[in-house]
Structures are given as C-alpha cells and as structure tokens.
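Contents: one structure, followed by commentary.
In order of appearance the chains are A, B, C and D, and numbering begins at 1 in each one.
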Amino acid sequence: MKKMRIVNKRLDDDLLMKKRREVLDKWPTGKEVDFEEAAAYQKSLPDSKVWWKVMAKLREEGRMSVFPRAGTPVLEKMIELCQGLRESGVLLIPVTTDSYTRLGQFEKVQGILDECNKTGKALLNGYPIINQGVKQTRKLVESVDAAFSPRGVSSEICIASGLTTYECGLEFITWAAYSKKMTIRELVEKWQNETRVAGWYADRGVILCTDLHGWLPTAPFPLSVNIVTLILQALTAAEQGLKAIYPLVHCMGNMTQDMAWIRLTPKLIREYLDKFGYKDCQIIGCCPAQTPLFPNPMDMGGAFAYLCYIAMVGSLCKCNATDLRSIDEAAGVPTKDTNTVSYSAARWIFNVIREQNIDFHIKGIEEEEKITRMEVEAIINRILDLGDGDVIDGLIKAVEGGVMDSPWSPNITVKDKVLGVRDAHGACRYLEFGNLPFSNQLKEWHRGKIAEREKIEGKKADYHTAVRDLWSFSKGKIVGLPPYDK
Amino acid sequence: MKKMRIVNKRLDDDLLMKKRREVLDKWPTGKEVDFEEAAAYQKSLPDSKVWWKVMAKLREEGRMSVFPRAGTPVLEKMIELCQGLRESGVLLIPVTTDSYTRLGQFEKVQGILDECNKTGKALLNGYPIINQGVKQTRKLVESVDAAFSPRGVSSEICIASGLTTYECGLEFITWAAYSKKMTIRELVEKWQNETRVAGWYADRGVILCTDLHGWLPTAPFPLSVNIVTLILQALTAAEQGLKAIYPLVHCMGNMTQDMAWIRLTPKLIREYLDKFGYKDCQIIGCCPAQTPLFPNPMDMGGAFAYLCYIAMVGSLCKCNATDLRSIDEAAGVPTKDTNTVSYSAARWIFNVIREQNIDFHIKGIEEEEKITRMEVEAIINRILDLGDGDVIDGLIKAVEGGVMDSPWSPNITVKDKVLGVRDAHGACRYLEFGNLPFSNQLKEWHRGKIAEREKIEGKKADYHTAVRDLWSFSKGKIVGLPPYDK
Amino acid sequence: MSKTPTIITGTVGMDVHVIGTKVISRALRESGFKVVELGMQVTPEEFISVAQETKADAILMSSLYGMAELDLKDFNQKRLEAGLNDILLYIGGNLVIGRYDPKEIEPKFKALGFDRVYPPGIDAEIGIEDLKKDLKARGKM
Amino acid sequence: MSKTPTIITGTVGMDVHVIGTKVISRALRESGFKVVELGMQVTPEEFISVAQETKADAILMSSLYGMAELDLKDFNQKRLEAGLNDILLYIGGNLVIGRYDPKEIEPKFKALGFDRVYPPGIDAEIGIEDLKKDLKARGKM
C-alpha cells in the first residue's frame, strides 16, 4: 500500500487549534495556557527577554553572547543558576529540560521532582518545564534579565511562560540522535504541527525565534548533510509561518573548515529561502557550536583551551552568539561555579577579540566552501528529484534511501552506511560515502585528502581510525604530527 | 670632561679572562667553575637539553613549546616543579632567579636559603642559582629532559651547570625595568663583558642561545622602541661572537598589531644583522610574550582566555615557542598545579591549532608593519647619526636625549616623556611622543587613530586614559564598545 | 575446549548515548565474543529477559546521562529472581549527575549488583581485558 | 583651617614594581595631598628618616614581589624608636609569595605596624578614600 504523500504546505488552522489543546492536555499544567493571554504576555516582555531582538541587537552592535546549556530541576536553584549565567555576561539562557520530560514521561518526572523539591537534590538532569508549568516558569523568566530558550521540548507551556524561542521545524536531532525507532515520516508529521504553532503566534505579531540544529554529526564528519537539514528545516518552518531563525554550526576543530562552514551556512539558507519565496523569514545570526567530544574530565586546561578555541572562531567570524559547554562537559552536568568560570573565559575572548572587529582571511577557506556547497547542492537536487519538487516528500525518500545519512545514529531506521575521519590537518572528510549522491570528482577529492593522512600515519584509514578520531579533540591532538618525543 | 666613547667592538680576550674570574669570585660557588670543563660539559649534553637545537627542531617540525616562568628556592622542589612542566609538554624550562640574586645580594640569600632548606618553605621568589652553585644545579639539569634557561642573572655558573641560554647582550630590561639609578653607559659596559663570555664559548663550539627581551614596555605602548633595542641587542651580541638569538615579542592584545610585530621583528633583526655583516648569527625562532597586566586574581576564566589568546596568536604565526604566564600570574608565584593546568591549556592549542599549519592573513597587518618599520628606521637612523655610524655610541646618546624612551620606568635616568594608549580597536598608539624622532606624518597617523577612540568615548585621551588602559586586559575590555547593558 | 561467551550490550533506561555501546559491541566482536547488541534505551527487564534467552555470560551496560541509579533501582532483585546469579555485570559511562569521584560511587553500584564499575570515558579495551580475566576465572573462557 | 597632609610613597626593599606607586603618587597629588615620592627600592630606614624630615602624616608603601615580610622585619620597632607613633601606615600589593587570601595575611601586617593592608590590584582611589577618612578622624585634614 502506498503511503500518503506528505508535502511542504501550511497546515490548516482549524486542525491546528484542535491539536494544540490535545498536546496540552497531556499534563495538568497544560491548563495554565490560554492562547490569547500567552500571546499578550509575550508581547509585554521587554526587548531584553526577546531572543530574536537580543540577537539582532548583538549583531548590530558587533558583539556576542555565550549560548550555554543549563538546567536543574528545583526552581530556586534554576533561578540561581541562570542569575549566575547572567552575571557572567550571558544574555541568551537555555532552559535545558531533563531526559524524561523530553520523552513525555511526566508522571515519572512528577514523583522525582517532588523528591527534588523536598530534598533540594538534583535527581533530574534538567529543568522539567512541563511539570513546573507556566506559573512557576514565569518566575524564572521574571527573575533574570535575559532571553530564554527551551531545550529539548516543544510545548506551548514554554511560550506561555515567556520563553522566546521555540524548538520546531524538522528537528532532525530529535529523530536521529534521540530516538531509536521513530521514522522520518513520523518526525515530519510531528513537527509540522509544532511549527504551525509558532506560525500562529507570528500571525499575532509574536516572533518566536528558532535555532536550527540539524542532523547532529555526533562524530568528526563533514557538515554537508547537516547543512542540508538546516536548509530543509528553514524551508519547512518558513512555510508554516516562522519569521526568525538562526543556524547552529557544528564546529569540528579544523579552523579553516569551521570558518568556511560558518560563512557558508547562513548564506546557503538565505539563498534557498529566497529561491522558494520565503523572503520575510529572517536569519538573525549564526551560532558556532562545540560539537566533538570534550577533553577528558581531568584535563581542565584542555577544556578551557577548547572552549576558548570556539569562542575565538566565533569572534573572528563575527557571530553574535556561540553555543558553548562548560569545562565540566565531559564530567557531568556543570555547577554554577564551573559555568561561571567557563563563560567568563568566553566573555573575555568576546570582549577582547570580537570587539576588535578583525578582518581576516584563511587560505583554503574558499575551497572548503566550494566543496561543501557542491555536496549540499548535490543532495538537495536529488531530494527535489525524488520529491518531484517538494522538499518534504523528497526528504522522506532521501532518508529512506540513504541519500541523507550520518554515522553512529541510535535510530535503527537510519542507514548508517557513512563514516568520517580527519585528514592530515584535522579537517573532516568522508571515508565511506554510503548512498550520498556525490560525483566521482567529489569522492576523489575526499580520498585524496585522507591519503595525505594515511601517508603520515603509514596505514590505511578505516573504521578504527574513525573510532580513534572520536577522541582527537578530547586528547588535544588533531592528527598531523606524531608526538615530539617519538 | 668628555666621557670615553664606548663602541660596538669585540672585547680583548686577555681582558676578558681576568674579568671572568673576578665575577666568579664574588661568591664561593664561583670556584666550582672550570672554564674548559664547563665547555666540555656543555658539549656532552644531549640535543634535547640544548636550547637552540630544541628551538630549531621545533621550527623544523612545525610545532611549539611553552616558555613559562618558574623558580623556587629548594632544589628538590625546583626539580619537582620542572618535572611537572615537562609532563605538561614544556620543552623549554626557565630557571627564574629570586630578586636578591638578581641584585647580587648573595650573603643575604644564603641566610634565607638555609632557612628554606630547613623548613621546606619558599621564602625567596625564585631559584638562587649562584648560591646553589654548579653541583646542585647540574642535578636539576640532569633530572629533567628539557633545555634550561637562566632568568634574571648572567653568570658562568649557569653555563657550567648546563643551562644552554645565556642572558647577555644589552639587557635593556635590567636597566630600564629593574634598576633605579643605573645609567645606559653602565649597562653597556656591564653587558659587553657578559656577551663576550658567550662568544668565548661559541669560539669553542658551544652555542649558547640568547633571547632578546629588549626594553620592556610595561604598559600598553607601541613596540617600535622595543624593537630598536632588540636590533641593537642583536648587533652588539653578534659583535662579541654570539651565534644564536631569538626575539621575544611583547604582545599587547590587538591581534592585527601583535601579528604584525611577530612577523616584522625577526625580519628586521635579520636585515640589520646582515647589513652590519653578522651573517653567521642565526635567529632560531620567535617567541610571543604575554606582557600586559594579567586578569585579576579572582578571574580565572579571564586568565585562561588571555593565556589561550597568546597561545593562539603564536600558533597562527607559526612560532616555535610562546612565553606564557600561568593563570595565577596576577595572584603570585604559581604552584606546580597552576602551572600544569595553564600549560596544558596552551599545549592543547599548540597541538590542535599550530599543527593545522594555518595560513592566516589579517587585513591591516601590512599597515601596522609599515608604520612600525618606519618608526624603527627613524630611530635607528637617528642613532647612527648620533653615533657617527656606531650603534653603541649612538644608543647612549639617544637614551640620554630621550630619542629612545618608554613610559613608567623606575629608572630615574630614563626621560619618561612618552605615553601610550589604546585606540578604538585596542591597538597601542603613541599619545605623547617626547623626543622620539618621528615625522609629522607618523605623529598625525597616531593622533588620527586615537581620535577614533576619543570619538567613541566622547572625551580626550590623556594620562588618565593611559592609566585606565593598564587594566584593559585584566578587565577583559580592550576599549571599543561601551558595556552591553548601558 | 574454548567456548565463545555471549555478551549483552546496551544503554539502560532512557539513555540515548549510543556511540560508546556501539564501539564496545564492535570491539567485543573483534575480540571473538558473541555479542547481543541491544543499542540504546534498554529497560532493565529487557536486559534480564534477553540474558535468560541467550544464556548470556555478561552484560556490559552503559549509562551516560546521569540517571543510572534511578533506572536500576529494582534491577538486582529482579535479576536474582530471574535466576541470573551467575552473570557478570559491568557498567560504565557518566553514572551520576555532575562531576564525581568514581571511587565514591563504586560501592553504590556494587550494591546494585555490578561486578565492575567504570569511570567516564575509558577505553573499551580496558573493559574487555577485565572481562576476559573474569570469564577465565569462572572457567567460562 | 584645612591643612595639606604630607604623604610618602614608594616600594619597599628590593621591589622594582614601580608603576603602582607612580599611579598612587599622582592620584594623591591630584587629590590635593603633598606627596614625597620615593619611587622604587626604598629601605625601611629611608622611609623612617624621610618621614621624620618631612613630618609626614602617612606612608603608602607598596610591595609586589612577595618579600615584604622579610623587608619589614624590624620596621615597626625602628619607627617607634624614631618617635613616629602617630604616622598612618598603609601597605598594598602582592604581599606574600604565591596566591593568598588577603584576609589571612592582614593580621601579620597589622602586627608589623600597618593600619591598613590592601589586597592585590586595587584601585588607588580606594586607598585615598580611606586615607581621607583616617586623616579626618585624627583631625589632620
């Protein structure tokens, strides 16, 4: 039996209203949400709490903020944590939710949350925003003069609480990194609804901003597939009425490549948005992210250096935000103190380097841009072919056929036929191409780069090379030279 | 009465031999030095302990080492400290001497050292290498597989102990930053002798390497005067027979300017060495140094960021060493642990960034180079004029007349009629020119740059601006924008 | 004479961090073990029932998201009830929330029935070496 | 009615760190004090004899190189012997070797005769404000 064709088309608003209540009815706190009141509350927020305005102001003024990760279950502790962040100069604050919340296990959360509240202990690995509900979470928003963003959950409880981003659009990360069995079709259906909710607010003058995360490359792997997903997220979100987005760019640690990706990604998204007629959807910034494995818990120096590297790349590329982890990233959920020291390091770099407004050029950046652009275009063209011009239909078929693929996915519906390794300078290259629709010329280019490394190491790159590369950052060695002493 | 003219000419060796013993006779440990045995011991050292060879190897292989600061009085503790450094990947280890040693107060040192040895406490702010003597210090050298460099003292005890750099040549830092009344004539006389000692070893095939420190700009101040002194140090050292040198480049925190200085300094030194016929004196590297005030003791994040900034600049400029302080720089003499964590941050950057061999270009770097070159040439030309072609005679007159000058000097014979401030992008500019022999065009250029900052701040730059700029780094604010919230 | 021991791998509870268990599974296979790779988000009950079905010799469980204790509350009792007295139990990853001293939490997980408890980010080989040793000691290899 | 108090500045012992004392000296002058600026490496004896000669009201001593205690061993006794019971004594900088808690070392320096002891890297203005307060309290301003 042929499955129904899902296409990139704005949802019907009547249908939307019914579904919205359904979602909220999953837990009692949903009752706290009154749609019109939520929109009014959002409109009453000062500019400093409105994500897209903060980012626009940062960009205009030529500065940047850390975009950290932070979430702890007890409200008072969460407020303290966020106030600490604000004191370290963070203007963009995440509300990282716990894993059970992300999976909708609110009943279970409630029991644990009650115990957390009783004992003051953080037994959940994030802030359970659904169970906390609107009234509680507004206290958080009102206690800290910054803009808030929910992480890992997409519910109108967040909007009604005054968080001013909305996780929506095709959240590939949810599907490819967090779920075991969800199919790409299920993802598309789930998220079209969510995006339309944000569109509904946009129609009422409340611009909720969305960061595009894309298909997370959890290991050293070229970004082209990820960038394709960012573009698709943008196109589908814009169709549902979203007005402000910005991409996260997953930096892998080769400076030339990272900078090429940071330059290219917003450019490509803009081109495609324009091409498909979504000229009023603005890209309000670009946010490099710290993606590879972090230095080992005991190597605090390395952790600081890695953090400063990304802060530096963001500063040189004149970004307005940087997605940074704390120095405790490899050890566990950070405390207020480790957050503070980590983000004050970043802030030093932002203030000192970003504000120098440096105009630089790296040799090789054009080639990296060109190659990535060719790869992205090859994949998107194939998607459009497969979908007869519709990106969503094409996307579903592309994923099912491995035309879009990424390694190490926990999701069993992902093909996982591709693999990446670093080259002699630490740049990420495709070792195995699976069904990625690349020309032979492109494939040869990658093979040539990997060959340089093989020459240095005196052995062929294979699966084991890819495994070792998981740690190249955490061990502070981006391939290249053998140890000095040897 | 006219003073005798001192010129740049190799000293007579007979005279040298007499003076050498005189110097050593100042303290009993001097008897441990046998000149020929010292040369033989030096020759017996493995390459990994020979400073110039380590630096040459690093340069050849495209990597770098931290050049830290470390000194503690008790030998066992000193060995431990240095072993810790080596474990953090440091190949170039300093033997920072204490302040009394630097001033020749060996009697006083002995009393305190005895107490240190008894109690295990570090009552001196460095390692008293003269009082420790050759036998003890050889234990240090032999316990750690790295090259050693004495800091703040120039004695053959260091050479006989197996330290493979020699502080010599016109050590402007000693005169301008450490002494209250020494005249430039006294400096020249003192150091010509010392340099000839290193030349004597070079004649016997023992190449002692010297790092050129120059007239330390203790505050944000353009480097041109400093670079002139580096050139003069090189010329006078080469005349006495020195064969290997490398400049420290004092980075002030504006990336464009720092990189321009790092590029220009060795180039200029080479040009002048060649011009004056010292073609066999090699420049074996270039070492950016962390010079401005460090972030406040409690701002550990800022300290890491500053350290990583310099490590990054060194890496991008493909240097082979970087002169780095620990994160405790503003707090006090660092412990083994703070050294380790600081230098493992630097090492991460060296390994990850330096080894990418990035070709980096900054817009504006040529202009910075051009301006600095013009300034340096203007000063040197005036020196040659004043000295009738002799750099030493000219130098003495230049200092006496304020043609060479630097602010905040403790030395009362320094004119101190100049002042530096940062411009709108944090680059260092001359606010007051004193008697620096610059053209009006050059002066206008500086004034123009400062005017941009004055416009942003809405007030004239003056002495108070210069004082505030002492802290621009330590407060993580390199001028430019007002705080975000304001 | 030599048998091929059967090893079960997977992340427990709601943990999605699958890369480590994938790496371990492949390394085990390359070391000659029979591996039943359950992937991510395996319930304690599933570990137990699969162990019964496959007569597994060991479970190498991973948990990185910090909530292992919550997930494993009744695990030990249930596996004993299921008669799995003899199976080797290892666990590794980031076992609690926040930075911790691995030595301090070891007793907790030993009390939950685990024979070996690993600190964050170790090499898969370390666990495999221990496994060989332990299996040999029990005459299962 | 208003007098112009005389203040002595300088770094003690063998300390070369002169920038701080230069900044303080100028700031004091700009606040209307009469300043006797001794610069760097001033012996305790010199501080005492200059204080006697100039009838100074306060000494603002700096020491950054960590060896202040060694330099100031006999200072208090000597200044009392010299009849300088009434002079205000402040000291600031990096007073001991290594990272330290300023609160812990304060008693030590108070015992050496100092009225106020400052932590590293403070603003000159803080000291000057204290000075005005203390001088006013003593009717000297």
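Here are a few things to note about the model shown:
Assume a contact is a pair of C-beta atoms (placed from the backbone, for glycine too) under 8 Å apart; a residue touches a chain by one contact, two chains touch by 3 or more.
Bear in mind that the values here come from a model prediction, so they are computed numbers and not experimental data.
Number of steps on the shortest path from chain C to chain D, with steps defined by chain touch: 3. If you average the CA atoms of chain A and of chain C, the two centres end up 31 Å from each other. The geometric centre of chain A is 56 Å away from that of chain D, both derived from CA atoms. For chain C, no residue reaches two or more other chains under the stated contact definition. Among all residues of chain A, none touch two or more other chains. Viewed as a contact network, the protein chains form an open path, each link joining two chains that touch. Per the contact rule defined earlier, chains pair up in contact as A-B, A-C, B-D. Within the complex formed with chain B, the residues of chain D that make contact are 14-16, 18-19, 22-23, 26, 39-41, 65-67, 70, 94, 96-100, 120-121.
Across the interface of their complex, chain D is touched by residues 99-100, 103, 105, 112, 122-125, 177-180, 218-219, 296-297, 328, 330-335, 338, 408-410, 412, 463, 467, 470, 474 of chain B. In the complex of the two chains, the chain B residues touching chain A come out as 58, 61-63, 88-89, 91, 253-256, 295, 299-302, 304-306, 308-309, 311-312, 340-349, 351-353, 355-364, 425-426, 473, 476-481, 484.
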